[in-house]
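Same chain, two partners: chain A is paired with chain B first, then with chain C.
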Partner chain A sequence: MMTKSARRGLRFGKPALYLFALPATLLFVVFIAYPILWVAGQSLFTRTAEGQMVFAGFANYGAVLSDPAFWIVVRNMVIWGLITIPVQMVIGGLLAYFIERHTYRLRSFFRTMFFLPVVTSVSVISLVWVQIYAPYYGIAQEYLKLFGITMSFSPIGDPATAIYALILVNIWQWTGFSMLMYIAGIANLPSEVLDAARIDGARGFRLAYDVVVPMLAPATKSLLLLGIIGTLQTFPIVHLMTGGGPNRASEVFGTYIFKQSFVLGDTGSGATLSVIVLLVALVLSLVQIVFFGAQLSPAKRKPE
Partner chain B sequence: MTGYARARIRSLVIHAVLFAVLALWMIPQVYMLSIGLRAPAQAFDAALITWPVTFDNFITVIRDNPLARIFLNSMIVTVATVAIVVAASSLIAFACAVLRLKGSLVLYATLLTTLMVPLASLVLPLAILLKTFGWVNTYIGLILPYAALGVPFAMVVLKAFMEDSPAELFEAARVDGCNAWQIYWHVALPLVRPALVFVAIWQFIVTWNEFFLALIILTESEMKTLTIIPMQYSGLYMANPGALFAVLTLIALPLILLYVVVQRAFVRGLTAGAVKG
Partner chain C sequence: MRTLIRFAAALCAAALVSATAQAQQKEVTVWSWFVQSTMEKSIAAFEKAHPDIKVKYTYYNYSPEYITALKAAAASGSLPDVIGLQPGSLTQQYREQLASVNERAAKEWGADWISKLAEVNRRQMLMGNPKGDENFYIIPQESQVICIWYNRKIFEKLGLPAPKTYADLKAAAKALSDGGYIPMFQGAADGWQNENVFLMLANQFAPGITDKAQAGDAKWTAPELVSAMKAWKALFDDGVFQQGALGAHAYPTGAQLFAQGKVGMMALGSWWMQESKFPPPLSEFVQNMEGFDFFYLPPVVDGNPASPPVGGIDIGYGLTRNGEKNEAAWTFLASLTNGEALQEALNDLNDLPAFAGHEPKGDISDHVKQMSARFNADLVKAENQRFAVPAVAEALDNALAGVASGSLEPEAALAAVQAATDKALGK
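== the complex of A and B ==
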């Protein structure tokens, strides 16, 4: 009943409506839509040897898609998303479950401490982790020695490990966020359902797995969406720690676009990459909306 | 009694495990502080914590660098951005959720898509745009793009909260003769206050920590914000990591303290949405 009347909404004149939408729309048009359109336009031009910009149709797209570097970046992004999103969910979910259901006096303490990496600037975090990973004087090698592993160079300097070393930093930084989303979800679980399940004999692992996990689906969906956004947005941490190297081993869309347009001055190719990422983002958004609905909250919103 | 004892042991084990994981999680922060507290002779020791500690690095870097000015820059940019984001996003969320602005789904898809566009894509056109406006090296040149990038997420959150609010309240206000602005100001905003607090805190964190746009837009040292300092100083203090890590600690500290203070309100804002549901 409540939701039905909400759906109908209040009717005011058009001018009021547009006035309310105006500031946000203006910001959006000037600082997001216009740059995107500019980039889309640039993707159709190429720079000649004399520095002239000439119309090139879709030539840039052919060039970008046939460049092996592009596919390395795609592979890196897939690895990034496939590891960071589920790992952050699982660790964050476990932390949330144990903190919410088994701690009392220390609850706020744990919630806060695990969230601190999220509020720490990436420009600080990257330098700290470079130091941690450093051979000879970093502490990672000291700890690895305990397991009989000798590290003669930094894991971010080795093409075989660079991306995973960065993924570890990302997981460390963002797991607290997943934890908090699940904490919000758990806090909103109806206690009658949990009590009923416990009376039915579900406890411990079974209670968590059969009852809590399905009921946290809204938080999981939100984290999936935010995880995909975060993956496509991955940039500062890579830019600061490896610059996408060595030899593109940790290159992501952000660093690749930055290099093409800023370092090499190849705006056409940088813009083309941007448009391709935009299209990927559009497809992923639509998939999200079709399968999961338009939602960004840790708990089920509408009472059914 | 045995049930009680078992529960007590389980609680102890769970606390022990949580503390162990937390100890692991805290290594980078502890390491940062620890290097900041080292004398030059120990700066390159491969140990998490060394002894004795000294505050010399902190004194040196505060004395030698205009950190107060840089801190002020960050504060101005962040507070202004938060204010604009909260205002603009709550206004448009109100239009969508309560006044039923048409085309919400298209809007939603557009917002989601733009949330996913790497900032690196937008930086070149933004830089050109800001140059045209004469806004390079100005606060406003950073504030408005930050606000534009922050509004979509804030709006999605606030819109969901407003849709969950009982519509009877809005209708009653209407019947009582309130105009749209009065309903927004006196009914909608108080109703979603926990969400406004959440959005404001999150925007504060994101803006304070933003690095890339600040790096591109702010080239004059007078205007620099805190996050672009570490990269600049990492060359300066190459031989003395103690000083560098003292700077890093000083940069990380304000936001950590702020979060500790506001965390309760932040979590409440995140959980408040579905309490009714």
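== the complex of A and C ==
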């Protein structure tokens, strides 16, 4: 058995052991820490009309926060997160439950089919959905015609509906991922607990709601964390389908930062927005860790 | 044994000769969004004429791949020798990393080389330069003229003439819709297509007014531009554009439908002719462009002239600071813009030549030759299509989308464009 002093020696006494952490530390510094610091530095500079970068202090932050476009983006992101995360969870959870509990021979088929959109190229998804939404020559219109319905507008072309139309596509694409997470959770449910619940008379909805759902809490919390991060990272669907339009109606942080940095060449403003998104992600992640804490990480769970 | 030694010696000698030849061959690196198959033909023609130079071309989709790759490479000082550029904002973003080509061009093509370019091209080459900077950082390869293309076979079938008045245009749109066709396909989810149509309209009311407005010499809220904005809205309300245009993209959706003969009209440019050079199968309309012809937007109010041609540089190339050190880079750039490499692009009908004195050769129908000649003649009198400051273009894109959707009034929308212009000009 190893003594206490020997264990301390292993932890602090042999500097050579730190070399094992070097590759991970180097990767972190080069690919994460340095870019973050570089972007944070860029957010303090602005470009003059002559093209020179000059120090501007926190002026970029003031300009971004007072720009109405920024608050449109914030509103869109809130709507996006509030709708996509719970809806994907609920539909994904229901799919997982019914596939795992009520399908037998076709289980793999259903799992694959519902997961297919997750691994399909976003470019293809965007192209297809643009065609689906197209009024009077689109795919949806072909089917609606059978019921005598004529689409007179494009849901992604109307400022009032554009963001919701994109949210629908996002839900369609990512629900399969939620389903997979819940399938993994359901597979790991201890059968003794379920058997005990059944012996106690729990069946159907009661069994699902009072026993299965609480036991799937780790998967739900992971999906919540990933959902918030995914919301803040939203870019390709919006960029490809609406470009953030019409007139910023579907602008999200990803497209807004892209436009400021690469289309308008305003690196300072783009970097400022990136830092703001980073801070928002950090705060939201910390809040979740404080509230859900150890349960998010299997390594931190108490030994049984 | 002796044979074996001889064989080995011969192999070594061959490897040595090959290595020496490779060491002597200079390499030019090029990045662009230019059609890869056409660029490969251009490179093959160039390398045939310059066997000592090897060109390595990297193709990117324009957005977001190309513009992000340029940004990253510029930040790390690793831009290739030659980069594809658009005049105005894209060129200006990389001006610090680009070499002036004035002296090299004069040495290559003579002191009067600039006179071989259309006036609109010359203006666009300097667009956005700081006051007093007369250096050229972009050499145009191809020009374009924006117009309204129409499917003449469908028009013939429905007994429609090419519209000469706004009433004709509305009547044609109605007849097309009634006939089951899309009247005029507008990819209004794309800012560039909206800008093009708006520029046609604005230049009807006051030629050159958009250029003055973006330079701060006229107001975006001027009555002529307000009238143009109202005319823009009318194109949606009067059924000239298809329903749901604001959610539609010109490429690939609109272009495919147009090529298949499901669309009556579309605002595109001279580059549309290249459809006839795409790999088969081609539709009966696209084959030798037999189904297509073009006109300029008719007067939208009584007393206006028809829209003038709008256009300028389609694509140009810049010599980077890295490329400046590589003599072969300029040799390729000169060929690509005004030499044997350009000719290959023209033969593919990629677009109009920027330099005068070139025309497409090879298997090209008389109809296409005639249209090409008409475009070239119109380019000389074309109004500028480009914006010097991307923030102004973006503000105009938002204004056009806002007005089209009914969420903004023309006056308020143009006031926002004016505010963006004032900010960009530091007023």
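In this section, the second predicted complex is superposed on the first by the 259 of 304 C-alpha atoms of A that agree within 3 Å, B and C clash if a C-alpha of one lies under 4 Å from a C-alpha of the other, contacts with A are read in each partner's own complex, and residues count from 1 in each chain.
Quick note on the criterion: a contact is a pair of C-beta atoms (placed from the backbone, for glycine too) under 8 Å apart; a residue touches a chain by one contact, two chains touch by 3 or more.
In this text the structure is predicted, and so the values were computed from the model without any measurement.
Once chain A of one complex is fitted onto chain A of the other, the partner contacts of A:21 are limited to chain B, with no touch recorded for chain C. In the superposition on chain A, A:127 makes contact with both chain B and chain C.
In the superposition on chain A, A:156 makes contact with chain C only, not with chain B.
Contact with chain B, but none with chain C, is seen for A:183 once the two complexes are overlaid on the shared chain. In the superposed pair of complexes, A:228 makes contact with chain B only, with no contact to chain C. Of the two partner chains, chain B and chain C are each touched by A:136.
Annotation for chain A, partner touching more residues between chain B and chain C: B. By the touch criterion defined above, A:258 reaches both chain B and chain C. Across the superposed pair, chain B and chain C both touch chain A at residues 127, 131, 136-137, 239, 258, 261-262.
Across the interface of their complex, chain B is touched by residues 2-3, 5-12, 16-17, 20-25, 27-28, 30-32, 34-36, 38-39, 95, 98-99, 102-103, 106, 108, 110-129, 131-132, 136-139, 141-142, 172, 180-181, 183-184, 187-188, 225, 228-229, 232-236, 239-240, 253-255, 257-258, 261-262, 267, 270-271, 273-274, 277-278, 280-282, 284-286, 288-289, 294-303 of chain A.
Per the touch definition, chain B reaches chain A in the complex via residues 10-11, 14-15, 17-18, 21-22, 25-29, 31-32, 35, 44-48, 84, 87-89, 91-92, 94-101, 105, 108-109, 112-126, 128-129, 144-145, 147-149, 151-153, 155-157, 160, 163-168, 170-171, 174, 179-181, 183-184, 205, 208-209, 211-212, 226-231, 234, 241, 244-245, 248, 251-252, 255-256, 258-260, 263-264, 267, 270-271, 273-277. By the touch criterion stated above, chain A contacts chain C in their complex at residues 49-51, 127, 130-131, 133-137, 151-159, 162, 239, 241-243, 245-249, 258-259, 261-266. Within the complex, the chain C residues that touch chain A are 63-64, 67-68, 71, 89, 92-93, 95-96, 130, 182, 188-191, 242-249, 252-253, 257, 262, 390-391, 394, 397-399, 401-402, 404-405, 407-408, 425-426.
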